[in-house]
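See the structures that follow.
In what follows, chain A forms one complex with chain B and a second complex with chain C.
So, the complex of A and B:
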């Protein structure tokens, strides 16, 4: 057994807890999780059955934590997990799972399969079986500060740009501001409209806010690759920044995994509850709306639909807010089939989009989204995750569908009532 | 050993052994699983109506939207054989008498014709899910020896029980002895195979529901 494999197995042993043991003992091989997984439904290949993606972890559980499994291991009746096997499982664990968790919602015995995939990735990463693309993104996040290699000067350049564009100065490192706004690299590089939108919305609401020079990046590829150590380093930057600036609330941007990383995993990664609140930008906007601080005018007349980012909706609980906001500015808002917590993933979450090997498969499984979208007859797709947005754009282009994809925050900003600040 | 001796053995020592293995095995397995514990979640919870571990324990018995259509045999066959089994096991008069003798509890039985029908439906549903397991690529792919073995171990008590009651195939005494023996095999096997889901599924649903309820998502 190689040293890295030994470490990986040790990590997996540590990952196994009562829920995982309960889940493995409950599985009756009914295969219903496959029917919930776009990688199976769109390819018909049984190897993409979610529970099968965990087979090496299941064997480690059995061999290490059950009496019969230990006996079987002792007399050589059970197959040890090998490097070759884990390498073979890389495709299943990283390329064909977006951590979307639809399987966790349909399993009749109640297994939270994605919980196990996330834990399994910890062992995969340590044993050296994580994909190159994700390793690169995570290394950049640790060394440079962002997975796409974005540094502070790029943010500052964008701040100036936005200042010129919308005429509002972007605050940086303002102690005592109510909100600290985070960005995702994707927004800094590809969707600069986001920052301008925030500036306009905050101005209208009369709220104080700030960016943070030491923590502007919200995304966390550490949780995608499955490395709690790295994820902790990345989350810690935000925690330190928020505490230094004494903000009340940190706003997670339009990025699904950033939200999961900070809102749900964050406190567990740093080992203590946060002293500040974490909200997704849509939660903030919906609060403003409810308080009468968000005033819009005019409507989009085209038929529009909303793509639920898995991490925000099914895994995040932000379900109603996007609906409220859509209805503020869209006259013809229609839902896709299975909208809300049963939505189908764009196919690029969970680090899949950072993984070149997965591209072909990702475009293949996009068929489900394509079909859903076609049924609605929508002319525009709105979402609230920069990664979903890129993936949707790529998928739509691949299938030659001329449908623009828009960020919800930005769309709201375009309809802000021009009046008092 | 003739059939009378076999019947006496399965009713006496056999039953004792089987029940002992079942009880001790179950306690051991439950301990083995749940003593692993889990870490406390330090993130701030979000509350939502209808979201809790207990909700999920109940709710997960129903097919989620769209799933019945995707896998009708799993659901319809699954319901039929689970409910059928429960009727046959717990609402057949002789079984209730046995349970009363063992632990002192009893409840009203269903008429034997109804139980007969339930047994036939159960066996038909079990054959159906077995055929589905062999035919459906995903199920066949997932299936191991254990899946077929546990199917057989579950099917035999129903089959032998039905044949005994109907006085078919073998003399009643022999069939009854085989029936009790097959139940004993089931009891011995249950804690150590996937059949143990009869206990763990409630906790699994609860954990899943609880973790998602923490995020304000009723699942």
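So, the complex of A and C:
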């Protein structure tokens, strides 16, 4: 194995770009990012201040690219970054940052702190300081094709189950279909209802769609661990699959970072424009709604609230769509405090859920979500990210709250008007 | 001599309510930049003390300082404060004249610890014959009066630093009070300089109130001026300061910049080197101050202001400030460009050296 400090520092030198230089120079040390970070608000420990999580990166920037930093390093005022230091920072960069970007949003000088955390992770990964859980997930994603080790036969088995359940055959490798549907491992293994829901909705809307045998997995561990090279390998599969099947649109599933990876990072990773559009499933559903292709009947009567996945609202701008959809099927839809772009993270995004040693901290910071939820008095929590869903379920179980968490797509599918189908 | 009434008694006799008195104390506290909580302390202090005897000596002066104090709006803190001191001698204000007036001064001097206020400079050339009162030279009168004084307050730039009478060629050998003490011509006593031509009336009374309240002289700067009024330069507190910072200057008194209220530095404003409270306390009951009327500060509260060159010559004019700045900018830019090329080279070599990360690279 070939990870080393030298490799890490070399990569960081490469990663430091104009935005990072201007961010470090414009930081006014106001501390607002601390108040925006659930790891700080729930623990009160100043080491979780987002900009502090980047301290080694800042030093490398100063030592390599600024005159004063070079001088300080020369006379020993600024110490070089060491392996031990990076190991110490592992917890701050991987376990206590979900890439939720609440800090980036509140920063008064507009520093995109998450942008920097992701760049920092690039150096951490190749210097051997990525957490075991994420290394495992990434290895499986590259070698097997999915972070949870799901292979094509498992998908095919689920396709059969779903066919039996909803009575609709699931299309695979249909060239020329309008939509190519991606899944997250979590949906294949834990929430197969999603696939059934898609089948029903597409049938009602009269759209052609397909799964792809070489690119069914949407998630991208490369993004989470911080390795653009590996992220590129994973994105490439989807690009090749979509181009082979000549689809018009690729639908990112109920997953947060998969959307970021494909919609915002994807074309940059592969280095050329996509020949297809990328939409999140909620964007597709809202389009169907606007075109009158999505007809529902009946309402959920219980009080419900919607948890915004960070990558969808803050990084993705998908804010209004879930509200439109919720109001189609929920009579008593209430918003949590800070709902929308200021929503608090579930605590498990950005790869945190893959790190076992982060679990205790993750459950501790879940208190903020718990408090938000309790204030609404909602009986059911709806979301649109399988990872959020698992984390929310775990958190609610830990705090012994009997509140089911459901995916918005499934809930819509359950209310599809039968007459139209 | 009868027992002097306390200030509270004196005020009651004059029909001034306690409320009005407290208002004065609060105003004085804020004037002296003291915390509001000090107002009751001032009231207590001023209420209890016997009105201290004050002897006001006017020498080579224009009476502007007295005018400043007495011509201010009424009723004012200024008038109140004069009800609190026993102004035993002031030859401009007192009704008595001649023998009777001098007698009042001599009476007051019998009880040591009085306060001496001086306005005007003192001529010392030729035995001080250039200014006499009742046949006594100013120097002699000051020498006699200061002997038993608790402190001296030099009101106005003439008394503080010599002022206009001392200006070149200084035919009378005029000097300020502090200078006479330094030369050993009069006894050394604590001196508070309240310069200005004239000083702001509220500053005069503020200094007196401070002395009466605390029984001590306020913190002073190197020139003996109370820091709470002379701590900041006019420039630092000037409302036109933002224009200075932006490099927007009026070039003549009627150009576009002057009309837009830009900085008067280039028209000779001495604000940057002048310490006084004009920009904050202002004049004529807080109406305005010279810069607000479109004229630069002439620096009247600083020593030698009259001889310090034209009022209309800019304070400092580097031979060519812009080309100097441009030179510095070019040098800075060159360093910056150099750094940027070095950094670019470093970054691109890091990029060129990029080894595509594989799974092997994730573990040590």
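Simple rule for what comes next: the second predicted complex is superposed on the first by the 416 of 421 C-alpha atoms of A that agree within 3 Å, B and C clash if a C-alpha of one lies under 4 Å from a C-alpha of the other, contacts with A are read in each partner's own complex, and residues count from 1 in each chain.
In the analysis below, contacts are C-beta pairs under 8 Å (C-beta built on N, C-alpha and C of every residue); 3 or more make two chains touch, one makes a residue touch a chain.
These numbers were taken from a predicted model, which means no experiment stands behind them.
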Based on the shared chain A superposition, would you classify chain B and chain C as clashing or fitting together? clash
Quick one: is A:259 in contact with chain B, with chain C, with both, or with neither? Answer first, second, both or neither. neither
Comparison of chain B and chain C by chain A residues contacted: B
Classify the contacts of A:25 with the two partner chains as first (chain B alone), second (chain C alone), both, or neither. first
Is A:112 touching anything from chain B or chain C once the two structures are fitted on A? First, second, both or neither. first
With both complexes overlaid on chain A, does A:341 touch chain B (first), chain C (second), both or neither? first
Is A:16 touching the first partner chain B, the second partner chain C, both, or neither of them? both
Tell me which partner A:209 touches in the superposition: chain B (first), chain C (second), both or neither. neither
Is A:67 touching anything from chain B or chain C once the two structures are fitted on A? First, second, both or neither. both
Which partner does A:272 reach: the first (chain B), the second (chain C), both, or neither? first
Out of 8-16, 260-268, 296-304 or 350-358, where does chain C run into chain B after the fit? 260-268
For chain A, give the residues common to its interface with chain B and its interface with chain C. 16-17, 65-67
In the complex formed with chain A, which residues of chain B make contact? 28-29, 32-39, 41-44, 46, 48, 56-57, 60-61, 63-67, 70-71, 74, 78, 133, 136-144, 147, 192, 194, 196-197, 200-201, 203-209, 211-212, 214-219
Contact residues on chain C for chain A in the complex? 335, 339, 343, 346-347, 350-351, 353-364
Residue positions on chain A within touch of chain B in the complex are 16-23, 25-32, 34-36, 40, 44, 46-47, 49, 51-52, 65-68, 104-112, 115, 263-268, 271-274, 277-278, 314-317, 319, 337-338, 341-342
Residue positions on chain A within touch of chain C in the complex are 1-4, 7, 10-11, 13-14, 16-17, 64-67, 125-126, 128, 130, 135, 138-139, 142-143, 225, 227-230
